[in-house]
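So that we are looking at the same thing, I have put the structure below in structure tokens.
The chains carry the letters A, B and C, assigned in the order they are written, with residues numbered from 1 in each.
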Amino acid sequence: MKDKQFWSVAGIIFVLFMIYWVAGHPFFVTERGVMFWSILIVGGVLIYSTRMAKRGEEIILRSIPGLKAVEEAVGRSTEMGKPVLYVPGIMDMDQVETVAGVVVLGHVAKMTARYETSLNVPVSRAIVMKAARESCRESYLMEGRPDLFHDDMVHYLTDDQFAYAAGVNGIMLREEPAACLYMGKFYAESLLLAETGNSIGAIQIAGTASPSQIPFFVTACDYTLIGEEFFAASAYLSQEPELIGGVKGQDYLKILAIGVMILGTIFNFFHDLGWTSWDFLAYLTVQ
Amino acid sequence: MFMKRQLPIAIAATIGFLTLFGWFVDEPHIKSFVDDDATQWFDILASFAMFLGALNLLKMQAIKVIRKQKGWPYAALAILGFTFSFTAGFILLGSYNVEISQYDDPAKVATVLASEINLDEKSAENILIAMPEGDTYIIDTPYFTKSGADNVVEQINAAGGTANMRATEWGSHISTRGSLFNWMFRFIFTPLSATMFALLAFFVASASYRAFKIRNFEATLLLISGIIIMLGRVPIGGHISAWFILYIVVLALSAGVNTWFKNRTYTLASVVGGVLLVTIAGFIMGWPVDQPAIFYLPVLQDWIYNNPNVAGARAIMIGIGLGIFATSIRYILGIEKSYIGE
Amino acid sequence: MEKFLDFIVRAGSLDRRYIFIVIALVVILPLFFPLGLPIRPTSSSQDVYNTVEKLEAGDKALVSFEYGPSTKPEIHPMAVALLRHLFQKDVKVYITCLWPDGQFMAMEALEQVADNQYNKVYGEDYVLLGYRPGAEAIIKGLVSNIRKVYTVDSRGDFLDDIPMMVDVNQVADFDFLFSASAGYPGTVEWVQYAADPVGITMSTGTTSIQVNEVMPYVQSGQIQGILGGMPGAAEYESLIGQAGIGTSGMDAQSVAHLVIVGFIIFGNISFFVERRRSKKY
């Protein structure tokens, strides 16, 4: 969207909203006002940084070893003549991590298409199977290698957590992929997968935002994308200005969050001492 | 083109905005959509999509069997397992109950009943006698097949009782104790799932052995906190005296002195001095197992769990929350289009 | 001495199958030859116990089963122990399941405790509402109106025909909420959509690995205590004075942890010897 268009639309929305607010904001849940303004501020910061990046602002992303290693991993598989195994997590497309995993799969599929390496993507949910197939198909098409793509590259195993882990382990032991990528939402099966991958000597790169599984991946994998690094993967791999701008926006928001935490601590301290009657924590608590 | 590109983005944006801002709207229909319908629409979609997955699975395994590819017996086993569960869930009811409503001679009926409920005849007879007038006795465990239940009904009727067969309702047969599906769940699925989860114990051991090496400061910290948590969390940790830990600390500090100063005299002095200090303190205090508390493993474990662990977890959660919001906003605004293959 | 150091270096890259055999032995043997190590309850388990102790006869407790066969060894013992505690105090127990497997787990626990041990009457002392798909939607539904989500219970009986469902219409009508959870949906969703908005007293039991994620909610006071994995179950069993599977598993877990620590220390010794040798050469 061009600048003029963007500001026109934003202006119209703002005016409409002000009219609604002044008119008594009917149907609005006032108790959740803090959350509403927070969403607007957060969204505004992200949109601003995205637009600044699109305008050509130079943004430096620190290097993330795990993402740099993805291309190396695919290259290694090509040299050894072995497939790449990609596991997009065990949850469905209603989880943001799974969607992020499918997005990264698209980038990995471009690499496998380029290097003519075979790609194996066992999935745990039928909807993920369809989405992942579309993502891979598009990637192979963009690389000019639609002949290398086949539907069974992305195949369904089972919905059950440990049956899925058993299935993937079986694939690892039989096909011995040279690279195993785990990108998505995982639960207890993470260590089962990572240890089996380790036993076959594969290079392993994991990315997840599941806090309890990060330690297992860190222990057993060669590279791990922790939390936000995983969400930034799509920006990092595509190098698209819009996406990189979003990553910078997240950093701004973190500074904002730290500021709120410090302010909150100070105000809470004053409130506990009785120097102010305003309870900052109660104000921030969402009902 | 419109159907593949603009329409999906428009749907994602509309539903995304509606769900996001619907939370702030106090209107019953919107609230109902946001609270109930939105998530249930997805569940309905996912349930129907399951057929796609199942068909894909069957196709892949069948190709393996037909072409006798490597590992085809396992593929045959997978198809067999699928067929069995499908049959137990959708085709065979697998749950037929036998009800006894009357009897002429309880002793005769008890001879049949006893073998069905694995009790002696006297106990079976007492059960029948204790049955209130007008009530029915239902044999606890249902029968997998209709003929099996009918067979028992015939035997009871021949023994002078009045019995009939009642089939469990479709739907309830899944959770009815003793039904075919329940049997499959309890004796096949449950042990298999528990076994896979149990593998974690072995893998944790091998992963720890391989990965917990003192390569640098962070790895050392990870190692020490891991050992404290592992031992402090279990009963055996409570039996390890705080004084034992104190002695280990003295030795570790002496190793540090040695690394820093590289002087044998200093090292010896720190070891001897430290050990003497700890020993004297121990004698004075009477060697209580849980004092000094700061070196008692369960207390240390509690502190690590509740303080640095939670602080780290919170920081990661905040970062992840921001990441999720940023990623979701990109999908809603149509900035990120990879999920539709663009 | 050289030979000994050689052995240590070789043992550092031990085939992991030897580790597996040792772990198998140290887990199996204590099950046959129990050590009887006394269990010391932690503050978080004590908090759960104290919260349940405050309940009185006739109070209503909503217990949610969100685990399956794979996590049964960790969570089932605590679910059984909790049910024992609740039935001991004659608390009315209402059971819901957000996982399909949870219903089977609940049936097993109820058969063991309610039917075989305490002779409780279905419909008067406890009711199994059963599983409903929908995760957070079910929790939100229960918060607003139970009958929107459940018209019948797991046996197919209408809720209005069940004596103990009289005057029970939403989550706020309960006195206590307990989530026995192994993942999603589970404890976090109950806190976010039920316990915190409604203000109902809540405790939880989770797998050991999930304690990290849930601890912030415990520390903020939104959850009263947490039972963490099998150790948590064993601690709760010791508090209620009825040993169960949790307690019997703790000997094996204790010895296994000790052995793993031993392996780690040995691995590091081997690492140091190898590093020293490579520096020397």
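Descriptive notes on the structure:
Keep in mind that, in the parts below, a residue touches a chain if its C-beta (ideal position, glycine included) is under 8 Å from a C-beta of that chain, and two chains touch if they have at least 3 such contacts.
Every value quoted in this text rests on a predicted model; they were computed, and no experiment measured them.
Nearest to the common centre of all protein CA atoms is the CA centroid of chain B.
Taking the CA centroid of chain B as reference, the farthest chain centroid is that of A.
Put simply, the C-alpha centre of chain A and that of chain C have 30 angstrom between them. Rounded to whole angstrom units, the spacing between the C-alpha centres of chain B and chain C is 10.
One finds 25 Å separating the Cα centroids of chain A and chain B. Contacts with at least two other chains are made by residues 162, 188, 211 of chain A. Among the residues of chain C, those touching two or more other chains are numbered 16, 70-71, 212-213.
Within chain B, the positions touching two or more other chains are listed as 39, 192-193, 196-197, 204, 206, 208, 210, 212, 313, 317. By the touch rule above, chain B contacts chain A in their complex via residues 20, 23-27, 39, 42, 45-46, 49-54, 56-57, 60, 70-71, 74, 192-193, 196-197, 199-200, 203-204, 206-208, 210-212, 313, 316-320, 322-331, 333, 335-336, 338-342.
Of all residues in chain B, those touching chain C in their complex are 35-36, 39-40, 43, 47, 169, 171-172, 175, 177, 182, 185-186, 189-194, 196-198, 201-202, 204-206, 208-210, 212-214, 223, 226-227, 230-231, 233-239, 298, 302, 305-306, 309-310, 313-314, 317.
Listed in rising order, the residues of chain C touching chain A in the complex are 16, 70-71, 183-184, 197, 207, 209-210, 212-213. For chain C in complex with chain B, the touching residues are 14, 16, 19-20, 23-24, 27, 37-40, 42-43, 68-73, 103-104, 107, 111, 130, 133-137, 140-141, 144, 148, 154-156, 208, 211-213, 215-216, 219, 228, 231, 234, 250-251, 253-261, 263-264, 267-268, 271-272.
Chain A contributes residues 91, 161-162, 187-188, 199, 211-212, 287 to its touches with chain C in the complex.
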